[in-house]
Structure formats: C-alpha cells, structure tokens
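All remarks here apply to the structure that follows.
As written, the chain order gives the labels A, B and C, with residue 1 at the start of each chain.
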Amino acid sequence: MKSSIYTRAVAVLASAALLAVSACSAGSSTSSGSSPGGDQNLSIGLVAEPASLDFTTTDGAAIPQALLGNVYETLVKQDDSGKIVPSLAKSWTVSPDRKTYTFDLVDNAKFTNDSQFTADDAVFSINRVKTAWTTSLKAAMDVVTQAKALSPTQLQVTLARPSNDWLFRMTTRVGAMFSQRGDAALATSPLGTGPFKFSKWNRGDSIVMVRNDSYWGSKPFFQQITLKYFKDATALNNALLTGTINVISTVQAPEALSQFTSNDKYQVIEGTTNGEVLLSFNNSLPLFKDIRTRQAIRMAIDHKALLDTCWAGRGKLIGSMVPPTDPWYEDLTGVAPYDLAKAKSLLQASGAAGKTLRLRLPTLPYATSCGQVVKSQLEQAGLKVRIDQLEFPAAWLTTVFKNADYDLSIIAHVEPRDLGAVFGNPKYYTRYDDPTLQGYLAAADSGDEAAQVDNLKKAARRLSEQAAGDWLFLLPNLMVADKDIKGLPTNAITENFDLSKLAR
Amino acid sequence: MRRLNPSLIAGGVIVAVIVAMALVSFVWTPYDATLVTPSSRLLKPSWSHWFGTDKFGRDVFSQIMVGSRTTLFVGVVAVGVAAVIGVPLGILAAMVRRWPGEAIMRANDLLLAFPALLLAIMFGAVFGASTLTAMIAIGIASVPSFARVIRSGALQVMRSEYVLAARAAGRQPFPIAVRHVLPNVTSLITVQASVSFAIAVLAEAALSFLGYGTPPPTPSWGRMLQESQEFLFSAPRLAIFPGLAIAIAVLGFNLLGDGLRDRFDPKLEDRR
Amino acid sequence: MILRLIERTGVFLVSLAVSSVLVFAFMAVLPGDPARVALGVNASDEAVAELRRQFGLDRPLPTQYFDWLGGLLHGDLGTSYVSKAAIGPQVFDRLQVTLWLVVAGMVIALAIAVPAGTLMAARHRKVSGLALSAVSQVGVAVPAFLAGILLIVVFAVKLGWLPANGWTPPAQDPAMFLQQLILPALALGLVQGAVLTRYVRSAVLDVLREDYLRTARAKGLRPFQALWKHGLRNAAVPVVTVLGLQLATLLIGAVVVERVFVIPGLGSLLLDGVSNRDLLLVQDVVMVLVLAVLLVNFLVDVLYVALDPRLRTA
C-alpha cells in the first residue's frame, strides 16, 4: 500500500516535470526579445496598446503613433516646427488655381517586400482611402477628384476645390503609402517603405521593430526598437527605474515625476502636445442652448487650481481648441476667466441653478482625476453634478461618442488641427451647429495662407466666446528617459512618434 | 468554559468600531470627504487633519470614515445575496431524496468554477461598473460556501431525534425546515457570514484597484489604494491608511468568525 | 472504486458542458456590438453588417453555440474580432505564463503552510503557537495586490535587488525569468500561505486528537514519528481538498498580480478582452479558466480516493 502511493507520487511528479519542461517557452509570444541596454537596442514604454495594426479600419491614436513615419511613410511630413517638408515626395508644385498638385517622388524607395515605390503605389494608396478605409478620418480624402501617375516618379492629384487642409492631412495617417502588392494582412503584418521594419507584435506586451537596412534615406541609429505597452502608470515608472525600458514616452502619473527630477540618471522633458482636454457640453440639450449657462460653467472652473490639483500643475492652460504650436494660436484664456460670483449669477439668470448634470467620464487617468475637481467646482457654483464612469473605449464610445447620451464629458482630443472635426460637424458628439463657425472654417480651407490663419483665429475666438465647450488644459508632453538618449522631441505635435531620430 | 475567547473579543471589538465609524459618518465627519480643496493638497498628518490630505485636498480620515460605509455596504449585500440564495439551497439539498440533493450540490459546485472576481468583471462589463453590481456578483460567487456548510449542518439536524419523530408523525417538510432546521443552523450561518464578509471586503478592494469597483468620488478604501499608487515615492502614507483599514477590517471579520466558530462548536469544548 | 471514478468523470464532463452553455449565454447578453467596436464608431452600417456576417454573428444563437463548442473540441479557438489574430496560440501561451505564476505561488504557499501549520498545531496552547496564529491572521487579511505593491516598493524600487515588473520566458533567459518570477510569486504565495496555514493547523489538530495517534505513542513511537507516519497522511486529505478550492482563488488572485507586475498572463488577456469587447476571446478565456478549475477539482477528487484507503471499498 505504501509503495503504491509513493509510486503514484513519483509518477505525478514526473509528469509535472515533463509539463514544466514543455512550458519553458511560456510567454515567448509575448516577450520582447533581447533586453534593453544592448547599445543598439532601445525599449520605449507607452500606454494604450493598439487594438490592431491596421489604421485604415481601426480608429485610435496608438496605431499611427507606432507605425506612421517608422514603418509607413507619407509623401510629405512635418518637421519639428510644424512646417510641411518633403518625404517620399522630394518636391511639389501647386497650380495657380490651387486645385492641382504635382509631386516629384524619390526614385530609390522600396517597400520591405522589395518592390519599388512608384507613383502607381501612391495612386493606389490615395484611392484606397475612399474605397477601403472605414474610419472617420477618411473624409480628409473626399476633396480629391483624381490621382494620376504621370510617370513612375511623378504624381498628379486634382482637388475639387482649393484646400489648405488637404496637404496637411497628407502628413498624417491618411497620407500613408501602401504597396499595391502587399495588401493582405495589414492588421497583423504592416508593410511600408520606412526606416524600420515591423518585426513582431506580442499582443498585450510589445511591438518590435528592426532597422530597415535598405532604407532610402539616412538610416536610424538603433538596430532594434521595442515599444512596450503598460496599462498601469506606476508600472511604467517602475520599469524605467529598474532598467526594463529606456524611455517613458508619456508620463500618466505626473505626481510621481519628482522621483525622476531629483535623479541624475534621468532626463525629464516637458513640452506641449496637440491634446486638448475638452470638457464637452452636449450642445443639443435645451439646457445648453442658453449661452449664459455655458459661460457660467466655464467661469465656475478655476483652471489653474484644477491643473495643479489633478495633473500636478503640468500642462498649459488654453482658452480654445488650438495648441500653441499651430500658426493661428492666440492666448484666449482671458475670454472666460475664473469668476465664481459671476458664474453663480449667470446660472440664476438662465435658470440652470440647482439642475443636475451627468458628467460621464471615460476610464482614463486624467478624466477620472480632473472630473472630480470639475464636479466640486461646479457644485460650488450652484449646479449638481453626478459622475458616471464609462469603460474606455467600448462603453464611452458607444454611449457618449456615438449616441451623445451625456450632459458633460471629458476627453483629450489628440489629433492635430482638430478644431474643424470636433466643432465644425453638427453630427459630432459635441453636437455644435454654428453657421458662423462653419463659414470661417470653409473660408480658411479655400483661402490662401494668410486667409487660413486669419479665419482660423476667428474660428477659435468664436468657439471661446460662444462657450461651445470648456478647455480644461493642454496635455503636456512629459517624457522621462535615460540621460544618454538623444533625439527626443520636446513638443509632440505629430500623430506619429518619430523613432528614426533617436540615438544614444 | 472558554465561551468568550480572545478571537471573539478582538474580532467583535474591531467590527464594532467599524460599524460605529460608519454610523457616525452619516452624522458627522471632520471634513466633507468629497470637497476638493486645492489649497490643502497633500498635507502631512497633523492636529487639524489626523491622517493628512490627499491630492485633491480632501481629508483622509473623513474618507476612511465614509469609506467604511462602502465597505459595510459591500459586505452586507454580498453576504445577504449569498445567504438568501445559499441557505435555502443548502437546506433543500439536505432535505430532498438522495439523487436530487446530490444534483443540487453538483450545480452548487459548478458555481465554484466561476470565481468572484471573474463574475464581477463580467457583470461590470454588462451592467456597468458600480458597487452594487460588483457586490451582487461577489455574493453569487459566495453562494457555494454557504450552501455547502448549511447542507452539512442541516443533514446533522435531520438525523436528530425530534426531526425523525416529526417526519415519522407525517409532518410536512417545509414546516420542519422552518421550525427545526433553520434555528439550528443559525450559528453556522453567522460563522459563514463573518468569513464571507471578509472575502467580500478583499474582493471589493481588488475590484476597485482594477477599476471595476466603486466609481469616484464616493470614497472607497480599495480605490483610495489605487489612487495612492502615484504617490508611493512621495507620500506613501496615502497607501498605508487605506491598506491598513482594509487589512484591519478583514482581520476583524475573520477573528469574529473564528471566535463564533469556537464558541458554537461543541467538539472544541474538551480540547486537550 | 472504479464506480466512484466513473461517477466523478461523469460529473466533471457534465459540469463542463453546463458551464459552456452558461458562459456562451452570458456573452450573448453582453451589450456593445463587437463588430462595431472592432471597426470604430464611425464605420458605416454596411461595413458593420458585413463584419458581423464574416464572424457569423448573424446566425441563430444555438448554431453559433454548437459551432463554437465544436471548434473548442478540435482545439480551434477561432479568430479575434478585434486583432484578427488566431486566439488559440495566444491563449495557450498566456496560460503557460499564468500557470508558472500560480504553481510558483502554490509552492511558496505550501512551503510556508505545512511547517508553520504543523508547528502551530503542535504548540497550539503555547505562546509561540498563538503568536504564529496571530501572524497568519494578519497574512490572510492583506490583499495579494497590496502585498505586491509593498514588495515592489521595498525590493525593487528602494533596494533594487529585483526587477519591478516584466516577464521573460524561461527558455530565453532563465536567470531573468527567475528574478522576475520571485516577487509576484511571493505576493501570491505569502497570502495564500497564510490561508493554507490555518487549514493545515486545523487538520493537524484534528489528527492529533485521534485515537490511533495515542495508540501509536503507546506502541512506543516518539511524537514526531507518530505524526509523520500516521498523522500527516490523514491530515493531507482535507488539505488537498482545500488546495483544489483555493486554486480558483489563486487563479483570480493572479489576475490582479498580473496587473501590478505587468505579466502577460491569462488574467490580463481576459481584462483586455472585456475592455475591447473581444467577445470570442473572452468566451474562450473564461472557458479555459473554468476548465482549469473543474479539472483540478476532478483530479483532487481522484487523489482523495487514492489517498484515503477507507474510501476504496465504498
């Protein structure tokens, strides 16, 4: 009896050992390959992992952040000061009526499947936006009537009307160049002409890219870059502290920054972004039809105290939907200054005092944090505020974004030059319908450069004066990195994270 | 004998303090637990703020007091759900004939395969994350332990002389259940309730940490713990207070359960 | 004994089947159209309808259920709606990671519980026993993630002895793997150890009072020998039973620990799936978790029969 038990025990242990041996590769599909610290390798920590690798059918800033400019390239791109400069197109001319663009393309760019990049690929990519893309951003290509390849290196694009915006949009994801021959599995294996090649996607963990050694431009310093995704802001910080990553691309727990600023081993970068944290009003509600209510809400919020309290004072106060890096930026914070007494009296006058508003927040750190301050401040002005938390992305997108079933919400709009998208379209979740504003936007797009700047300034001012929403603050570009990493951008003004400039 | 053992006393005192704190919080707290006061951010503990303040300038002690309400609410709902479903289930399983009784217990065991957190996450996704949905999910997940314990207790009662006599006399099962079985398993219910209460508190803390628990700004010890993460370097006290509160509450209910078990369990009377 | 085994197997299979129906039904109720979430909010209705057709979401529910079940039995877990990647390899890989974590945690828990529990039982009326009992009570009261956070702060951030988070497969870098495993396994194991200690103590105490031990002592065996030869095997029975029950707790404790230590295990896959409304993924992961728990309980039942000679002739 005893021996049979021991035999059984041995058998169990043996099979357990066998299982263990076979499990030795556990997690290999989610590991990030060789650890950082190898001179040629870099590991960057990010939040918000992409849901898929195909930004033609999946919304969200995470995908272009990783792939645009690194794996995929565009005809033109933005430099650090926001100017549009050549990329796959080495030069271009615009016809006098500003409706026809002729691009001269580089002749030595190749996709990583070894096929040459030609004007035919460009035509294919441009046409594809209208036919195959499903995200809302595809509308940027609606103004194009025709794209033609005049020769393998010459591309002609004709627009229905002059549009300043179109060329700018060509620097974003909409302008990404795809290969005619490699369309198939975009969601899991991207294929582009860029300085990096996509290597591996370890779902839930990281994306690995390797240097494209046959890149047509100047080759990047790093041989391999790993983008590691963290859901937890503290884990992200800890990863840098313990050497698992070399760069934190965005600090989501700004209070914890002090442990880095006091430490010589690290550099801290603080700049601006395109991320306007918007306290949106559901403008279709009767409650918000009265401008006094909207202005009162803006004036009830002490933005400086809010920023200090909920985001450690890091970030810039803005008065409208324009970041300081856009050419038409003006400081409009004085339009609705903090004035609690005035806010109270405005609410009394419009009859909104004592009403209950639903503040529906996505489960994002800045929203959860700042939402509590907003509630407290609005209640001091005489409103009642009820906070709901909606899971992001699924629940918030359906409830607030699609169905506009909310009174107030908070979300950061990070796309560049999104004033028109957010407030110019009455069907957008802000439900803001203002013909005057729409007029300014149309004039800005079709006019010349000076007209564009002038009209957009007017548009921003209009939004602020009409209190179409409230701009809590502009998200800062907070990065922390090992001291020896060079090439990190101060301001994050593009939707891609340019990895090619990084070096040690 | 040792009717009032140390566990019972210690546990009872801790639970009483928490209940008292929750009740008092309805009437008075040193400060408003949800008022954002930027000028008093991150203050260290002092005579004016006994536990200091958090990043919104809210008094931590007041938050702990109001948070105890959430904790107790959590426990009461979870245990209530578990008991209301589990006790009748256990008694039923004990009273019916062999085969259906076994079947009920098997179904009961099936529920064990769905741990509390899993159910709570799924419920939260369907019905929206809130304290109530989380607690109902945890309550459902606690049903199996109640049912099992009650069933074995009920089986014992069923074998006692007066129940056998009642059945022989032809009494209907339902009155037997109510008059004889239920009163005799009350002690078991009390013990299990304490234990399940402790588990519910831990589960709520974990859920709040994951973001599926009590939404802000209602104070909740679990969420306070999650919010304190940012400050582990600069102000670790913000994690210590809610962490201690959770641990002490769980400890209290566990001790209470142990103490009650010792008190009610006749076998232990002559422990040598 | 054979009859018992057959009965247990039957119960296991029926439980599995019923669970699958429950899981499927629950996911069918989940609001939020997965096709729409996958495509993004601005997708046209036609695109959403087309994707629903592609994923077979427009078929009647029973058909979908049996297709899914059939796939599972063949080992085909389907394709994720959101990432378009095959689910099977992901789940399999993540499962191994979670298993390493859970097993390591259980080993630590047992390493703590068996000696501590036995000691506490042997000295249950002495001061040292009471002190240990108090410590174990505190251990039970601390949530695993709190233990994890504290461990990170002390050992990773302040002392720098171990990495704060991350995961490396054992085959790739065994040293790193071990280093990264220690803290999360401790977080799980310490708490679980405290829970198990109390069960071990209670089981050993029960055994200490039994007559056969006194008989063994009367026969001349010293106390420790008596305990070892006769007591432990009988004490093992309830402890093994409890291990099975505790597995469910441990698996879910692993979910939170995975979040704190950024470990790509099954728990984080589940949370991601729920967050993205990746219906099929969540269904598959929940089923795998349920299968694991039911399987362990089944094995425990079998082990129970093997360990306890009295049950053999039942």
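The definition used in the following text is that contacts are C-beta pairs under 8 Å (C-beta built on N, C-alpha and C of every residue); 3 or more make two chains touch, one makes a residue touch a chain.
These numbers come from a predicted model, not from an experiment.
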| item | value |
| --- | --- |
| Reference subunit A; chain at largest CA-centroid distance | B |
| Interface with more contacting C-beta pairs, comparing A-C to B-C | A-C |
| Inter-centroid spacing, subunit B versus subunit A (mean Cα positions, whole Å) | 43 |
| Whole-Å separation of chain centres (CA-atom averages), subunit A against subunit C | 38 |
| Intercentroid distance (Cα basis), subunit C paired with subunit B, Å | 22 |
| For subunit A, residues that touch 2 or more chains besides their own | 232, 391, 395 |
| Two or more partner chains touched - positions in subunit B | 125, 229, 232-233 |
| Sequence positions of subunit C contacting 2 or more other chains | 157, 259, 277 |
| Subunit A residues touching subunit B - in the complex, by the definition given at the top | 232-234, 253, 255-256, 258-259, 302, 305-306, 308-310, 363, 368, 371-373, 375-377, 387-391, 395 |
| Complex interface listing, subunit B residues touching subunit C | 106-107, 109-110, 112-118, 121-122, 125-126, 198, 202, 205-206, 209-210, 225, 229, 232-233, 236, 239, 243, 246-251, 254-255, 271-272 |
| List of subunit A residues in touch with subunit C within their complex | 1, 5, 8, 23-31, 35, 51-52, 54, 57-60, 134-136, 185, 187-188, 202-205, 230-232, 235, 238-239, 241-244, 391-395, 397-398, 401-402 |
| Subunit A partner contacts - residues on subunit B that touch it in the complex | 34-36, 38, 41, 55-57, 124-125, 128-129, 211, 215-217, 229-234 |
| Subunit C residues within the subunit B interface of the complex | 11, 14-15, 18-19, 26, 29-31, 137-138, 140-146, 149, 153, 157, 209, 245, 248-249, 251-252, 255-256, 259, 270-271, 274, 277, 282, 286, 289-290, 293-294, 297 |
